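Each structure below appears as structure tokens.
The same subunit A turns up in both complexes below, where it pairs with subunit B and then with subunit C.
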Partner chain A sequence: MSGSRLKNRKRLSTSAVSSVSRLAVLLIIIIMGCIIDSSFLSMRNISNNLANASILIVLGIGQTIAIITNGPDLSSGSVMTICGVIAAILMKSYDVNFVLAILLAVLVGCFLGALNGYMIAYVGLPSFISTYGLQWAVFGFAYVILKGYVLYDFDPTFRFIGNGSLFGFLQMTTVVMVVFVIFGTLLLKKTNFGRQCYAVGSNREAANMSGIDPQKVIMKAFILSGMLSGVTGILYVARMNTVQSDIGSAYLLPVLATVYMGGTSASGGEGGIWGTVVGALVMTMVTNCLNLLAVPSEWRDAIIGVLIIVTVLLDITVKKRMAKRKRVTV
Partner chain B sequence: METNYLIEMQHITKIFPGVKALDDINFTLKPGEVHVLLGENGAGKSTLMKVLAGAYTPDAGTLLAEGREITRFDPITAKKNGIGIIYQEFNLVPYLSVAENIYIDHMPPKMGVLVDRKQMHQQADKLLHDMKMNVDAHALASEIPVAQQQMVEVAKALTHDLKVLIMDEPTASLSEVEIQQLFEIVRSLTKQGIGVIYISHRLQEISQIGDRITIMRDGKYICTKDVKDTSPEEIVKLMVGREIVDLYHRNRQKPGEVALKVEHLYSEKERLSDVGMELRRGEIVGLAGLVGAGRTELARAIFHVDPYEKGDVTLLGKLADKKQSPRDMIERGLSLIPEDRKRQGLSLILPIAQNIVMASLSKINPRGWIRAAAEKKCVDQYIKELNVITPSSEQLAGNLSGGNQQKVVLAKWLCTKAEVIIFDEPTRGIDVGAKKEIYAFMDELVKTGKAILMISSELPEIIGMSDRIYVMRDRKIVKELQSNEATQEMIISYAMEGAIEEERQDG
Partner chain C sequence: MDKIKSTFKRVPIILWFIVVLIVLFSIRSDQYLTMRNLLVLLQQGSVLLVVASASTFVIISGGLDLSLGGILTLSGVTAALAINAGLPIPTVLITGALTGFVCGTLNGFLISVCGLQPFITTLGTQGVFYGLALVLTNKQGIPVSNEAFISLGGLINRTIPMAAICCAIFYLFAIVVQDHTRLGRYTFAIGGNEEGARLSGIDTRLWKWIVYAFAGFLTGLAAVILVARLEVADPLVGTKWEFEAIACTILGGTSMNIGKGDVKGTILGVTLLTIIRSGLNVIRVPSLWQSAVIGTVIILAIVFQVSTTARGEKK
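Take a look at the complex of A and B:
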């Protein structure tokens, strides 16, 4: 048979090689950081970088699940905002216990995710339209209920989630992030639901023929994305100790860049949480380097933009090479 | 130098990283002949044709077109030399009209920059008429049936000064009648002195259309023969390098209890009307008919992918509810192996292993947690049983050859432990070696008491594999035949009653 000649060849899988290429980018940035400033790898700086990356990572987990299953959730920044705002108002204006406030806010996140899921899976709107439309509505709503005020100075127990630390160096935000990374990874890699996400995202029709209900899976994926956006909102408020009606708007594009840099395919069915974690670390550490170098902010955006394109290009090139070699041998 | 060959390829070699895709290939084409190029998947036929069409540059060897040596390899030079190619996957632009597609690279100009649409449509109409084709040149390419799309591809090639036409598996998605129409066109081309290179997996077509055959195996040239001097058995032997005897091997047995029963099924959307049939354990039942007769639609209704309004589907003694989903049917023991494996059967960007367990996730992992060991056991078992050739189960399904992909689809459905399996065109586009393996497996399945409904457009396959045959026409089952009394002619005549009678009157 034609394929017999590859029987005794063993190669790294495409995904393994492409994650190596991403780690290489991360490594280069860490080395550059060390050259720029000898304290780059100090416990303190690492701890800060991790904590700063955490917001991007938690938001990115939901985004990754949504993109793998169907398409980007462009409402995630706004859902993050409204959940932060709701939790803040409940605590400040209604003296609601912070645990209850968190639960209610995350519930709102789930509800907004469900709304997206319903529009996409059952009504049949493209995810881009549904989530982009919802983003505008939710930002508008956040502005209306906050009336342009800034809320700040929250209960210290609540704030512990955001800026407390364990053993002096492990910041709580990082702990929360790690919990959700484990949660997301297990969900995608170790459950039937995770398998169904990849199945629906890679070929919806084949998934349907295999007895997987694509509508249900898409619904669940967007609920998760909404929930994680909500969690991110809480994390942000607890860390920054302040909330306004536009906190999430600065996160939407970076989080998309993070997920795509992490190797999750824009056409669905491919990618994972680890890539997103690496992507977020790259983003955060580059920003850190640029800060250390005191690069003016207008140049910063340009540099980050180039970095995003280069990272994704590298990933695509590696995958193409691998695919070419494979296609020929099989 | 004067030569009477249109094309002469000498010692062509093409090396890709790690593999010799073409190894010292010789190939010639005379004016007015149909030269059939044969070989299993991966033998190098398509690579060779891509060299000829200018898509690849060979690493060694010479290519002569009408005696002149070709040194530049690009599609435009090839076109200038009169070489046209119709790929297996068509290159029509779906939202352009037939005429626009035909003249896509040289639309008749008007006032320098504009397109003279009127003239273009007139030319297209005339061209289609000359080919005796009943296609509206104004229709969008996406609106016309696959067979006509094929004809449009031929018409497109004809608008250039065509000397050589390469057709890569042109009949893969055509019905018997459409194949005959296509052959008529091919014959009219050869009468004009055009040489046709024809790639196909369907052996029975060779004697109908071919003059000479060249056989390739594993990137190597095996031999060239006149069709009249050879036999299908010899061809198969040369192709696979070993003898394949008894392609449709069956261990027939007495059928058991009724496994699937369909009564008075009506579907508004799919226009199915009053379909009734039954399938017993231990039986392979063939479902024959022309493309569009409603065979796939019936299978999809039985599997509850598409809705039906009236009628009863009884699976293993239990009546199915009209509202049920494919998932319910899978749980009750039904499988549908779809016709279009790339669109409906597989996730090409996922690993083989994930494809295999896709339809049985809740069976293997009843609590929702992946049980890696159980999955691996299932995956390894079917990769071995079905002889899927792959370096590992983590290989992406898209990297496999057609035959191996089909085996993965098969593994996916066997993994569900189905009792009743519907195969829709199980061997379309796969080579004879893999075909034989799939047939043997089907026989094995019914021997263990499972029941198989097989939809197929290949009549020898239907007759060779089935115990009974249902023939569909116009969305109805019109005839039930025992396979030992059925002939190809009988099946065709039931499948297209009207057409045959007309022909008889004409002749």
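Take a look at the complex of A and C:
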């Protein structure tokens, strides 16, 4: 009994160390930002950074749940797009009340997530393939629905979700993001479903043997991911006040990078929402720094690519060191 | 009767898709089954075939390469720079292939030596390769005007599809490597059971590294032909190629997690994709609908393909 508790504490300390290393990366970037521009830590800049990170974070929560349970949800960018498009069209062309429009759009997100879940859990496709295929089709349909137009100028009450602010500095997107971060963390850490996600992700066979229905869990995880992608789409539309049929395509790679930089393991069963939050902050602040430095846009992809590799490399090195030390003490 | 049934069952499901689509397209338009259209199809599909073969190698070894599109772009750019600097054509081919090889070596190093996951690594290096291509080209396409070089990718006398011939040579090379060399055998061994392969004396670390380098090399060769065909090295040309290559690999019957598959099968996936894409134009589907239709057909084909292979494995 005491042995297992000891092991538990050790595992916790490994994850604590790697989250410290991630926080260190964040800190380095903040310090660099301060050196570049003294107004980097001004209230205004912080609140902007938080709001910009929010879209990445909400999208990242769904992605994190999907990756922990089974594998990446590459359709998240496209689901985000189509949900934004549907909500926008309902409000603009059919004069539907915005609450109803949001509900319907999120429902579509859930449905697409369920489609993914079905293909992965019951047909047995690798998540990578089924979600990518779906993305292809969904982007196409978003384009068809919108007929290539751009919609803009929405109801101000609706726009408040993305554009409004509380007490002058706290932007509404940030508030929405915090609500979903709390929701996601509680879901993963405190509920049965959350524990089942980790169990299925780390060893599907073992989870099955211990009485979990892995197919159901995967299904639920992807429905959640679809739902959160839908929410992100609505946040985006409310914040930017415009919608096109390709808004999500620019988010796919950054959101994957965010989640993986946050320490969620690509092989499943490991990771969490807080890592994703830190990853998204790193991503947003690096972009902010690059903007401040007026780095030409052609260098950005390369810099972000290097950043992804370096963070993950650091994470792995730290974990290896810890594992070695553990072996020595045992 | 049973014999006929069993032969029918052995035909890959994807071939039925292809046959049905060809029949459908030729009924709708008498332009479809003409020699001219066939040549265009060959020219369009051939470069994707080589990239998809590279992807097939990586997937059989149990990995994934999302940076192939980036490698394709970067190698194309270096090849274009080389030809515009007045280098002879063989040197240009080598430049492209070498660029791809170096990129692949970097991927392989990070994955097999540093132990990073292929998905994340190649996601990161993809950004690096695209970034380098953008920097080298200054965000603008580099036009290529050397006649001899362009003929490598063009239709000579409107009848000889040079791009298809060059790519067919590279494709045959890939098949020979898979069937008759150690690299091919070890790819299957590593994909099937990496630990087992290591215990039976294969230096899995080295060979995994080589698999990625080889995939980069093939993609680099394909890039040279692509630039010759398009007559320009565009810094964004590779977008989505890696995904198409992976989709074609899966459609060709390669499995993502058990070290099973075949470069020879990949040609079916490429054929399907090329046929749909050109067919929608020929029967005049409005461009608005095309991407939705292609996506739906591809995902349906993949679902059928994977579910039939899974059933076969259970038996």
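Throughout what follows, the second predicted complex is superposed on the first by the 316 of 330 C-alpha atoms of A that agree within 3 Å, B and C clash if a C-alpha of one lies under 4 Å from a C-alpha of the other, contacts with A are read in each partner's own complex, and residues count from 1 in each chain.
The rule we apply is simple: contacts are C-beta pairs under 8 Å (C-beta built on N, C-alpha and C of every residue); 3 or more make two chains touch, one makes a residue touch a chain.
As the structure is a prediction and not an experimental result, all values here were calculated from the model.
Asker: Give one of first, second, both or neither to describe whether A:E270 is in contact with subunit B, with subunit C, with both, or with none.
Answerer: first
Asker: Looking at the overlay, does A:G133 come into contact with subunit B only (first), subunit C only (second), both, or neither?
Answerer: The second partner, subunit C, only.
Asker: Could you say whether A:I308 touches subunit B, subunit C, both of them, or neither, answering first, second, both or neither?
Answerer: The second partner, subunit C, only.
Asker: Is A:S210 touching anything from subunit B or subunit C once the two structures are fitted on A? First, second, both or neither.
Answerer: So A:S210 only meets subunit B here.
Asker: With the two structures laid over each other on chain A, which partner does A:T191 touch: subunit B (first), subunit C (second), both, or neither?
Answerer: After superposition on chain A, A:T191 lies in contact with subunit B alone.
Asker: Which of the two partners, first being subunit B and second being subunit C, lies in contact with A:A199: first, second, both, or neither?
Answerer: In the superposition, A:A199 contacts subunit B only.
Asker: Which residues would you name on subunit A as touching subunit B in one complex and subunit C in the other?
Answerer: After superposing on chain A, subunit A residues 265 contact both subunit B and subunit C.
Asker: In the complex formed with subunit A, which residues of subunit B make contact?
Answerer: Listed in rising order, the residues are 16-19, 21, 40-43, 218, 303, 305, 325-327, 329-331, 336, 338, 343-351, 354, 357-359, 361-362, 365, 368-370, 389-392, 394-396, 399-401, 404, 412, 433.
Asker: Looking at the complex, which residues from subunit C come into contact with subunit A?
Answerer: Answer in residue numbers: 64, 110, 114-117, 119-121, 123-132, 134-135, 138-139, 235, 243, 246-247, 250, 256-257, 288-296, 298-299, 302-303, 306-307, 310.
Asker: Can you check the complex and tell me which residues of subunit A touch subunit B?
Answerer: Touching subunit B: residues 1-7, 9-11, 13-14, 189-196, 198-199, 202-203, 205-213, 265, 269-270, 323-330 of subunit A.
Asker: Considering only the defined contacts, which subunit A positions touch subunit C in the complex?
Answerer: Going by the criterion above, the answer is residues 72, 119, 123-126, 128-130, 132-141, 143-144, 147-148, 253, 256-257, 260, 265-267, 297-309, 312-313, 316, 320.
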